[in-house]
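Each structure below appears as structure tokens.
Each of the two complexes below includes chain A, the first together with chain B, the second together with chain C.
Showing the complex of A and B:
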């Protein structure tokens, strides 16, 4: 089977799954399990497509699946290496999310919410996400982008009982649709120049525009960038993200963090590296992308530090981490025209960080989900000491936290190292970029601070006994496996960074002419252990050999352990010492709120009477009410479509049930009437055919 | 890969030096402090006795989890790895394994282990100490990072070997003088010496993260600090005081040792004549230092 066919079948499986789970929606357990099966099948299909594409090159359809007459647009699919890379990530995330959701969505807190609003929507969401990365026609790109946005909107407002959720959903809907409108304008601008929506035509149109009408091209690029940056959660356009992520149920937040926000990066790379011809434009826009990324790193992460709710903390970190990715990609775009060697390293660093980010960020969302599963809350100040009931989750949370904070040898460090060293190298060409790099380095320590708070208040410290629910054991296996897989990937990609980097390099190099970038060996060196030795043509610049260091480090730890046991000191278990005073558990807990107060005070904004903590100027959005809550009613499909339908049907069935009176004579009468009717019908039929 | 015999020997040398010599330096500082206090003070080998005694002492386990148990082992192991990444008397033995960014982050790994030992101990003093440690890292680390980046920009390489070779053969620029002075102050803080003895602050929060550590674990943590002292001093003197170096290894080593001793004597004097700062004072203090290093960086980019 050719890869495209397999891809279409895999995505159709998801659509079929959506229909099946919608029909069976009331049987919660069955729906959840069935959806996992569908996700598993489609993931296997898509992953095999990814492997085929990486081994045998780009796969594409020769003729469009659907043609739109009049505007020269058709549903053309092409899976090149970049698409394959993103498809691989999406397939992995989709299966992990589905597996995690099986038990999570059957929590008691969701008992009164219909799963019809979750699993089918999730499937449509992932199917559209997959199509976004493979279409090569701007018109259909736009359509799938819109389906994805709508599906994600319905996932955000899943918990409709909550007023805040609906408001967060509305904010999300509004902001992303403004962005989509901008994208539409940009596409129309370029379309009017080229006359076709296909990516190839866009490239030619941009080429001619860069000479004939550079101002208009800048405008189109601005709109496209705004649209993608909004989706990626880059501040200030990403203002929707913390609200929407913390309102959605955890599997959905995890799905967004693992796939949807990353499509913003896909869009940026597709437009600014692949479609936009390498020129002064890439230089200008590279700096803008990197600048916006740095702003997000700074504001997003510092704001995360003051959050006191797990999901909000994680979603501000999504913004911060997207900033790192944009910084890498922006540097790469900038250097395309200046120094291609540095360009490919920075681009690879950005995309590699994206892959790592998917792993540890989904893992952290799953950890937060496990805490919800156990205690029913996402508030840091209400829980503590959960390592006693969630020992495995606690260790995994520490691993993922260290990875996101960039502690070697975990994956977050490998990609951040690439970003830092290329920004330091860039200092000679452009000191501004070194400034970005230093901010990124500093904020990486803030990330660590924030996750020390995250793990220590959730999992360590004094065990909060006031949670009566917390008597159960560790989370079930289906919730454990996704966490373990993601944590393992974080470790593996950290120790053997060359493994993912090989594919990242390949897919980015394939976007431009074959000899535009130097070959991989000449940049990273040929180390037998897969270490990275970046070389920009003037000798080795920076070195990071994680496998060697891990082995040596393990040896060092062995020495340390030998010292530890050298005196064969006896061990004795005892209680914690509180200066010998009587105390209640409550008195000896160190709350999340108290962490880093002196440091947080440094980032206090004060203008006249106006004073606020933190650097994030969260803009309150106006409460817009449509007369009689029209908007709310439109979006609530259950209310205007499903519920009335069910009610009519039930009313009809009630009439039939009137025949069940419980009197045997009446049943006999029905039997006789029925038999007579049947005989009459038979006779009539026989009369027509002539014999019996 | 450069696993030559020479490198292997150098690696062994660094490890032995960090493990065996570092307590002696601590002993010297203690003696110095005693002299300033007009006391007789402990003998120079007292830190060795302390460590030996602690290694055999009973270990009290007050919380049953992985990181409480093994944070000391992991932290000490990480410091040994840092010893292999850092230049003591010669280029680092693992020059082909990691550059200055890796060096800085491996150092932060040991800080993370101190924090984990604090937060996993269930004692509020431990968590408080860990939060303070984090704040110190937050404000001190940028200074060290930028100072080393200035060195890297001047030498146009991130590798210790190349940076040291660069300054031995080239004039010493103004930017390095600026960041060198600032780096020295922040090293005092990294070593948890007064006036930046805020994390342990034994009179306030009873050794902070180490309040529940006992026996061999406490020994490893103490040893880790001694080793850190030696490593920081060695890195500082070999990058920022590069003059009059010799090609003969043993001469160079003795010369480095003298430089380290002089530096630690200065650290000791600063330690003994200063009272402890509060954490918020320290944070503000380092905010100023970060600003100065950025000025140094601007000088470096301008080429001087």
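Showing the complex of A and C:
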């Protein structure tokens, strides 16, 4: 079986699963378990496709599956290395999410919501996500993109009872709809130049447009960028994201963070690296992408700092982390035309960060889900000290938190390290990019700060009494495995970064001509124990050897532990000392609300009546009322035209009908008048023509 | 072949007469008539040549012989006519099935069986007239069936015989008939100048006359399809039973207007750019006016009526683009006849089902219906996505083609048409989504909590129509492709 066939079968399995779980929708336990089976099978299928493609190269269909009449477009599938990379991520995330959802979606809080609105939709969602990354025809790209949006919208509004959820769903769907309308226009503009929707034709069309009509091409690229940025949650288009993510049930949020937002990056890479010819356009747009990324890093992460809800905090970090990815990819696009070696490092850094992000961000969402499982809340202020009941989750949350904050030797650090150093190296050609790098570097500290809050208020400190279901032990295995897998990946990718980077490099390099980028060995070196040694063709620029460093670190810890043991200081457990005052634990708890108050004060803006907190530019809902205004009155044609017309006509006819009085004499009179009139008319006519 | 076509026309008429006369079992007769039409259409498809066209015009009128008219009455089947025919027959069948359950004592809004026979009689007669419109080989015959539909619509709108519906029926009759006069004028000028009633005869006119004749036909079509400035009859016509609103005011009758102009646009490739521009601009104006009036509607049916007005604007828009030179745009417009018919028809059926189970159509009163009537919710959202243009549902395909067409026409005209069109798409999307949320999600309102059960016939129609929103674009694409070979 060739990879494409296997891929189609795997995705059809998901569709079949959607139908089956829909039919059996009322049997909650059964559908949950069945859906995991379907997800497992399809993930296995897709992962084997991914391995085949990485080992034996691009797989593609020779003829389109469906051809659309009237426009030159066909459903053509091609799994190249970039598609394979994303497919791998999606397959992994889909299975983890499904596994996690089995028990999670059977929580009591969802008891009165039909699972028909969850598992079948989730399957359609992942199936369409998979197709988005393998089609090579813009029209079908668009269709699958929209099916994905539709499915994700239904996942967002899963909790239909809640007004805020509905509002979030509405906002999400509307904003993305506007964005896709823009994408529509952009794609059509390019299509009309090239005459076909296939990626190859778009490439040629862009080539010719860059000479003949650069303004229009810029417009099209702007629209495309906005559409992808919207999906990725990049500001200012990402306003929907925090609301939507925090409204969706945790597995769905995790699925979004692990796949859908990442497709924004896929789109950007596909369009700006693969399809757009390397030219001045790459330079301009590279800077724009990097700039928007940096703004998102700044705003998203700072806003995350002051959140008091787990899901919201994580959602804002999605924005911030997508910023890092966009920064890396933007720099890469910029350097394509300037210095390919830097370009590939920056692009790989961005994509590598994306992979790491998928791991630790899904993991963190799962952690938050475990807290919900245990306590039923996502509010930081209501919980605390959960490490006593969720010891494993607490450890994993720390690992994921450190990873997202970029603490070595975890995965977040290795990709950020690449982003930082390519931006530093870029300073030679463009100082602006150095500025981006510096902002990214410093915001990393803010990330750490906010995750200190995340872990310490949720898991550490005093155990909060109002954890209602505290009797229960650690979360069930099906919810544990996804967390463990993701955390392990975060560790492995941190210690042996070359392992994933190898595939990332390969897939990025395959997008352009074979010798456009220098070979991998010449950039990252070969003999650094799985670490990295960057070389931009002018000698070794920087070295990162996590394995060595980890060993050294472990060794130090061992020594410290030896000191501790040899000192054999006694330990005793006691209640906290409140300086002699009598307080209950609850009173003196350091709540999430109290964290980082100076930050909140710093970003409080007040202009007259207008007051807002934080740097996040959220769109409010304008209240529009529709009165009886001029336009309404004009459009009410009945009132000023038809009704008077008919009424007058009727009045006129009434007058006529007065002649029908029933009096014979009057009728005779009409007869005589009529005859006379007829004679006169005839006479006049005859006078003109001269007969009679 | 000819037999099938004659039967296809006569079967519903026969059904109408019988269903109107029998004492008992009028429902059964009506369903049989509908099924018969459906089967005959299937037979028709099996007998058509690969290019799906067939034409026979055997019947003459002696007194027009002098003018060398080659036959006046007959049948013409071609891809364009088939688009219309399929909409008419398939939706007509579903509509009749639906109405057997809808016009019953179980209906909370109108718990009466009175007038069911009358309804079936006029409805089947209407189906026959629409079949006639779809199969007419020339403008003359088209005109006759066109006015037949006007007449049936008057009777059907006034179905409940209360003051509102009588007034609405009269208004609809008056406005569409006034438009029909323009049709007649155009027809006479055309015949006098060219001696022909053929669709393609417009091309033989002198350029000046061509513009005027086209304009007269256009006015007739605007009135029939409820376009600005003749749209006001359609919202009032919502006083009719929902089955009538669904069939006449979403799927079939209002499509007669756009069908006439499509016939002309397809048969005459040399219409002036200015004519196209006029069609396009008025279409955009209609869309925006209808869109603006969305916000004032509390009655779901009236909201749908305004949406229909806007969507007929889409079809005109596509035809306008076609006349201005974009085949893709024209394809989009023609496809939308079917795509919109299915989507909006489904929405009307849903609203009918809502009023059936809850007795209300008010957006204010309804909320949380998805909890009590999940099937209606699923069907409504399907229909909604179909008309809002979310892939893979039907409306998306035509909208995409229309957008390509707009940009294809390009230039200042293209941009000026594109911006309001996009605006309409997005705002209509937002408003319908808002309404969908309001009616189906959130807290369950008292009206919604009393919702009863749906009878089988209604559920059946909803499910089939939901599936059709996915099938329709495939069929429509296939047919429009054949038009332009």
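Methods note: the second predicted complex is superposed on the first by the 603 of 692 C-alpha atoms of A that agree within 3 Å, B and C clash if a C-alpha of one lies under 4 Å from a C-alpha of the other, contacts with A are read in each partner's own complex, and residues count from 1 in each chain.
By our rule, contacts are C-beta pairs under 8 Å (C-beta built on N, C-alpha and C of every residue); 3 or more make two chains touch, one makes a residue touch a chain.
Everything numeric in this text was worked out from a predicted model, so none of it was measured.
K.L.:
In the overlaid three-chain picture, which partner chain does A:542 touch, first (chain B) or second (chain C), both, or neither?
P.N.:
A:542: touches chain B, not chain C.
K.L.:
Is A:264 contacted by the first partner chain B, the second partner chain C, both or neither?
P.N.:
After superposition on chain A, A:264 lies in contact with neither partner.
K.L.:
Using the touch definition from the top, say if A:552 reaches chain B (first), chain C (second), both or neither.
P.N.:
first
K.L.:
Go through the superposed model and pick first if A:184 touches only chain B, second if only chain C, both, or neither.
P.N.:
second
K.L.:
Between chain B and chain C, whom does A:192 touch in the aligned arrangement: first, second, both, or neither?
P.N.:
After superposing on A, A:192 lies in contact with chain C but is clear of chain B.
K.L.:
When the two structures are laid over each other on chain A, which of chain B and chain C touches more residues of chain A?
P.N.:
Comparing touch counts on chain A for chain B and chain C gives B.
K.L.:
Looking at A:323 after the superposition, I want to know if it touches chain B, chain C, both of them or none. Which is it: first, second, both, neither?
P.N.:
Neither chain B nor chain C is touched by A:323.
K.L.:
Where does A:408 make contact in the superposed view: on chain B (first), on chain C (second), on both, or on neither?
P.N.:
A:408 sits against chain B, while chain C stays out of touch.
K.L.:
Examine A:174 and indicate which partner it touches, taking first as chain B and second as chain C; both and neither are also allowed.
P.N.:
So A:174 only meets chain C here.
K.L.:
Under the contact rule defined above, give the chain A residues that sit at the interface with chain B and also at the interface with chain C.
P.N.:
none
K.L.:
Which stretch or stretches of chain A touch chain B in the complex?
P.N.:
385, 387, 391, 394-395, 398, 402, 406-408, 413, 417, 420-421, 424, 427-428, 431, 434, 438, 441-442, 445-446, 448-449, 452-453, 455-456, 460-463, 527-529, 531, 533, 538-545, 548-549, 552-553, 556-561, 563-578, 588-590, 594-596, 598-599, 601-602
K.L.:
Residue numbers of chain B touching chain A in their complex, please.
P.N.:
Answer in residue numbers: 1, 15, 52, 55-67, 72-74, 76-78, 80-81, 84-85, 94-99, 101-102, 105-106, 108-109, 112, 115-116, 119-124, 127-128, 130-131, 134-135, 137-139, 141-142, 145-146, 149, 152-153, 156-159, 162, 211-212, 215-217, 219-220, 223, 279-280, 283-284, 287, 297, 301.
K.L.:
Show me the residue ranges of chain C that touch chain A in the complex, using the header's touch definition.
P.N.:
By the definition above, chain C touches chain A via 174-175, 229, 231-232, 289, 292-293, 295-296, 327-328, 331, 370, 374, 385, 390-392, 396, 400-401, 403-404, 407-408, 410, 418, 422, 425-426, 429-430, 433-434, 437, 441-443, 477-478, 480-481, 484.
K.L.:
Please give the residue numbers of chain A that touch chain C in the complex, ascending.
P.N.:
It is residues 68-71, 114, 139, 142-143, 146-147, 149-150, 157, 160-161, 163, 166, 169-170, 173-174, 177-178, 181, 184-185, 188-189, 191-192, 626, 631-632, 635, 637-638, 641-642, 646 of chain A that touch chain C.
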